Amino acid sequence: MKLIVAVVKPFMVAKVKDALQEAGVVGMTVSEAHGYGRQRGHTEVYRGGEYDVEFVPKARLEIMVGDERADELVSLIVETARTGTIGDGKVWVMPLATTVRVRTGERGADAL
Amino acid sequence: MTIAATWNTSDTLWVLLGAALVLFMTPGLALFYGGMVRAKNVLSIMMNNFIAIGVITVLFVALGGSLIFDVDLGGGLLGGLHLAGLSGLSEALPGLSWVGADPMAVMVFQMMFAIITAALISGGTADRIKFPAFIALIALWFLLVYVPLAHWVFSPNGWLAHLGVLDFAGGTVVEINSGFSTLAVVLVLGKRRGWPGEAMAPHSVPLSLLGAGILWFGWFGFNAGSSLGVNHVAVVAFTNTQLAAATGLLGWVVFEKFREKFPTTLGAASGAVAGMVAITPCAGFVSPLAALGIGLAAGLLCAVAVRAKFRFGYDDSLDVLGVHGVGGLLGMFALGLFATKSVNAAGGEGLLVGGGTHLFLLEVLAAATTAVFAFTVTYVIAKALDLTMGLRVSQEAEYTGLDLSEHAESAYSHGGSGRLG
Amino acid sequence: MTIAATWNTSDTLWVLLGAALVLFMTPGLALFYGGMVRAKNVLSIMMNNFIAIGVITVLFVALGGSLIFDVDLGGGLLGGLHLAGLSGLSEALPGLSWVGADPMAVMVFQMMFAIITAALISGGTADRIKFPAFIALIALWFLLVYVPLAHWVFSPNGWLAHLGVLDFAGGTVVEINSGFSTLAVVLVLGKRRGWPGEAMAPHSVPLSLLGAGILWFGWFGFNAGSSLGVNHVAVVAFTNTQLAAATGLLGWVVFEKFREKFPTTLGAASGAVAGMVAITPCAGFVSPLAALGIGLAAGLLCAVAVRAKFRFGYDDSLDVLGVHGVGGLLGMFALGLFATKSVNAAGGEGLLVGGGTHLFLLEVLAAATTAVFAFTVTYVIAKALDLTMGLRVSQEAEYTGLDLSEHAESAYSHGGSGRLG
Amino acid sequence: MTIAATWNTSDTLWVLLGAALVLFMTPGLALFYGGMVRAKNVLSIMMNNFIAIGVITVLFVALGGSLIFDVDLGGGLLGGLHLAGLSGLSEALPGLSWVGADPMAVMVFQMMFAIITAALISGGTADRIKFPAFIALIALWFLLVYVPLAHWVFSPNGWLAHLGVLDFAGGTVVEINSGFSTLAVVLVLGKRRGWPGEAMAPHSVPLSLLGAGILWFGWFGFNAGSSLGVNHVAVVAFTNTQLAAATGLLGWVVFEKFREKFPTTLGAASGAVAGMVAITPCAGFVSPLAALGIGLAAGLLCAVAVRAKFRFGYDDSLDVLGVHGVGGLLGMFALGLFATKSVNAAGGEGLLVGGGTHLFLLEVLAAATTAVFAFTVTYVIAKALDLTMGLRVSQEAEYTGLDLSEHAESAYSHGGSGRLG
Amino acid sequence: MKLIVAVVKPFMVAKVKDALQEAGVVGMTVSEAHGYGRQRGHTEVYRGGEYDVEFVPKARLEIMVGDERADELVSLIVETARTGTIGDGKVWVMPLATTVRVRTGERGADAL
Amino acid sequence: MKLIVAVVKPFMVAKVKDALQEAGVVGMTVSEAHGYGRQRGHTEVYRGGEYDVEFVPKARLEIMVGDERADELVSLIVETARTGTIGDGKVWVMPLATTVRVRTGERGADAL
């Protein structure tokens, strides 16, 4: 089993979710994040004080998948979340030692 | 409807201003309470406050206002129906011919009192009452509890008023009534799941402070407006409101400082409210120096009283009994002690200013009657509703939060990724 | 400028109080609207409201107030410039010599009406209009749409007023005008990207409820203040405002309960606003019982009307047409049906109280004229601005949010890690 | 205490209304300031505002009010103690027998001014002052700075008033005083850790805008109420407040647009406040056209002035000096230029309306005296407190935030997982 | 060393924390998340607009543990967090290459 | 490739970011978290109710790095984020199977 982590632009979440759903992936976990990278942040102004906000809002998706589908799904995510502009984000894949579904205690692929 | 010429403009303006201010208190209360609950229940409790405006306005116009202020049907127990639908207001309200304000203005002013008293109950039932049940509850409670009490005290023909009981702006009808009615409801309703073990900290204290600010502002209309005219009594009532609020605030935070080492912001707001609650019956009857003392006592006493629920195990979520019930009792007793005719010739002389026990006992009688009557009748109403329609949401709804389960809404949708939906 | 001695203190005080309350409505509207948009656009819409105060105040003093209230230039179409710069106010306003309030107070009171009407438009243009374009839009719209309409209806010399059209507090000038002007703007502006498919849920419903509370409070000044003096008509206008707000609230949530199973908090607030919109033209002309009905009808009708945008596909973001346009039309028609001289001898007799069709047709005429005039002229203004300076922000700005793109600000900065900057 | 019959109802009502509005400004200020600090310090600064209400109310009743308004003890320096405890108010206040309002109403109205002036100081000390030290600070400051200044200017027997200095609603006593007193305190207190390098962006701009809205609303009571009666001067003061607020708003955002390319929402709110600050001393003495100009100048000048702290390195967190100090100075100078007896016969003639330099120099004298006196005495008080009880929280408390360290509270508890506790 | 990640219902956090504490685990890191899966979201209504909110609030726990305790603790978490209804969540385990305590620089099991 | 995860005190984020930037790391992803550990939480008081808040705010940093730099950067982070007081946090390192830049589809070290 693998864990795909995708850091993408926030407004891409719905699109990625739809694409994965279509590809038969039935679950994922999303959290809010802020990213720092090539994409520049912005400047805010409050009463003459200018603040550089270097972090940009991002969404962080985690998707547990079977080993055999990992590559295909990474490609799907990358293509779906791409706008072609700086800051589209990163995807990385990590090996999983164990996976369990809390409700049933099922393990491995059955936990999906 | 013809246009009366017997009232004067200043008094009418004063009463209308008071009515606007008291109406504004209910959204203020919605914020005060809304900030204190968890984020999943904030709309639910605010909705209870807003629906109280809708429901009580209609019931007051249709029936309640008349039952309170119309000529007494006998025994000082209830008024008639001549004023139903706001009719018959081209003449002075029965027994209130000394009032210089347009009778319709007085009725609207009084309507706002009924609204906020009903809304107060939501502070006890927070986080677990069904929305339809809350509506049924306040509708029945208004007709069966508020209306009789208001007739007894606010109408000059009511039996308590007739006996000589003083209550300037509703220490009985509003404060003790809401406190003990709420206690009755929460005993039927039961505790919130997880209370008191789980943390149920306020989700937004600034919202509560804003609400307290609006309440403070509005309370000038509530108390000083209750003079029903612009006169020196109104000025004193206004002044006393400010003084008692200030010392109530100080009393509560001083207590906290010594008891828990930390003077809290929510405590400051609560203390100001407690001070204003206690001064409510006294506002136009006691001297400013007495008001300072009454506010201070209320701040200290209510800070103690809100702890009682942890000891006795009733879940009065936002302390309607501890603040309004206890503060109202204190105010009525204080009035029996400190009332002075030097402030208001139409008032009385309290025990400590040489008036003997007469007034004091009357005030105790009125306070006790109100507490017992409100508790008993409301308990029966709540029990009846619980057995028929059911008062309480399901366990799942309680976990999810009432905003979603009762209203299909979420209070907040922050975050860069929006609703993720 | 000499000090006039011909006005009286109560009426002046009443009108000044009204002016303060109506001014307060605009920050209230900013909150009501601000809560309903997404967190990335809340400052933008609040800014549109605040800038309306700045811009319209100056234009009203410089030109508008005079063009509205000065002696008619001919045909009841427009006033002159004698009152420009608030000069010439030591005498009564032309045609308003019966008014007991200081003329400058009346002018300031009226200024507040123009401000909030301009601010209302921001409810339609939310989330996508350029800030400079919004300023240009309301400035031109004020001079070319609001000012003529206000002269026609609010000045006794205006052609509609002259015909005998009744409009107590601005059903035409404020409500129908803002609704149909907004429709014109949004048709030129186009839909928000992603609408209606994407969820654009309110980011903070409590903020909207607070705004609704302030609007409710302020509306007493708006409607009852429009009597321009303290009298029984003012009392009735005040009462009717409360009654229509209450039944509007109930009407909307009852509709929701039956249509979507859930009575919502935002619906309650919207219903109260709808009720107050509809009662605006009627407030001092109809009986309290009629007000109950008008409010209820407004709550139900506007709850239906806000759905029209999904069907017809125009993106009136926060329903200015659905609430103010439709509610205003309803109010004008209702006035033609329910107006009664028993409430206000200076008013009229509606169709259903035996007055025949005369008044009803006049009210329909005024409503239709306002809708058509406001829509047409505003459409031309919006189109012209779109072709010259451009009304709409870039796609990227729309995704980022207008708070950052137009104002270099973020509304909120929560979280332990602060701005991370 | 007997009931006086010499005052009239309209003026009394007006002053009471003013008092309610000015009281409401302090919770408004709490929100205005609260929104501007980081989420970890919002309760702390709001608490400073609320505690100011408690503390100053009591001190004003006990001593301050009398020291300000009682018969002068000699040299126009301070009043006596006959009015302590609000006694002796059955007669007109010394020197104010022309006032038609109940003297107790006037005292309460004035009490509200002292409260908000004390509360303003919290804007400078934000994020780092110990709560007990803030209480001690404002208590001493009230007695040693506010009270003498108020006697000098607001009592007809004060030496500045006696000289003929004009100050309608407190350009000296409230605005310059708060600005320069705050500067003194922050020089003793030192900068916030991390300032100015670290971002300390407002945690909730909508909260600040709400606060600004309440301030705007309340300022009508502040300025127009300072006429102490309903008359044409009150109407002009009301009008001028609106006009200066509007042009102040415009001035600030125009400046920002040219200086930083972005007109900000917080700038709009700040500009409106700056405009109202500057018009405060002038409100009932200048023409509406002058008010437009004064507001505009204030918006521009204060937008520049708030940048000074970055240059000179004093950490006046929320710009009490930049807005109130500078705006107040501007207002006093403007009054010396634009005052005209055509608006107020009891006023004066400014330099630019042909009155010569007399009034102008008096205004400069009063402004300079206030600035120097307030700065000096407050500096000594702050230094003394710093050496004895210590003004500043520990480094750890500053990192954690004052809400937790001083009050054991968290402002917000959002999120599905609640407090996780 | 292993990292256990548990995505559970938010109101389970306190219970899981207590159970782990009793089992001798002295630390964990929690963040808010939203989950998509078999558990259905809900519908919200605003002025006649019905919005489907498909993501459900979840809490995400991270617990660093020694290899030898990983299995036992996974089972403990799964049993503690179970309600038996859909949406109880997932647990997965990942291998760790390095672990350090920032305060002391201690590594490996000593970092716990 | 490795993923460094660092759980640190929130006010350390800017400092760590600066240090990493200086060391040539051009990106990272940050999210908010709450930690439980040796560091004690605090007590809050609301109307006489005392609540123990056991979780302390933390920031959670994720940095993808090449294998060869992992150790050095871990040390850099640990030293930068250290105050020496309890609660400074933890750093752990995980192996990555795949890394992709969404914008370009580049993989491996090129994705950085």
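Think of it as A, B, C, D, E and F in the order they're written, each chain with its own count starting at 1.
The criterion applied here is as follows: a residue touches a chain if its C-beta (ideal position, glycine included) is under 8 Å from a C-beta of that chain, and two chains touch if they have at least 3 such contacts.
Predicted model, so just to flag it, every value in this text is computed and none were measured.
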item	value
Selected pair, out of D-F, A-C or A-D, that shares over half of its residue contact pairs with C-E	A-D
Type of chain B:chain D copy interface by residue overlap (half), same or different	different
Distance from chain E to chain D - Cα centre to Cα centre, in angstrom	51
Centre distance in Å when chain E and chain F are each reduced to the mean of their C-alpha atoms	18
Mean-CA-position distance for chain E and chain B (Å)	45
Contacts with two or more other chains, residues of chain A listed in rising order	11, 14, 30-32, 34, 44-46, 51-55, 58, 94-95
Sites on chain C at which at least two other chains make contact	10, 13, 17, 199, 201-202, 204, 210, 214, 260, 262, 264, 266, 408-410, 412, 414-416, 418-421
Chain E-facing residues of chain C, complex	36, 196, 199, 201-202, 256, 260, 262, 264, 266-267, 270, 303, 306-307, 310, 319
Footprint of chain B on chain C - complex, ascending	10-11, 13-14, 17, 21, 38-40, 199, 201-206, 209-210, 212-214, 216-217, 220-221, 224, 229-236, 238-239, 242-243, 245-247, 249-250, 253, 260-266, 268-269, 272, 287-289, 292, 342-343, 345, 412, 414
Contacting residues of chain B [partner chain E, same complex]	198, 399, 404, 408-410, 419-421
Chain F residues within the chain A interface of the complex	1, 3, 17, 26-32, 64, 94-103, 105, 111
Interface residues, chain C side, partner chain D - complex	1-4, 9-10, 12-13, 16-17, 19-20, 23-24, 26-28, 30-31, 34, 42-44, 46-47, 50-51, 53-55, 57-58, 61, 85-86, 102, 104-105, 107-108, 111, 131, 204, 207, 210, 214, 403, 406-416, 418-419, 421
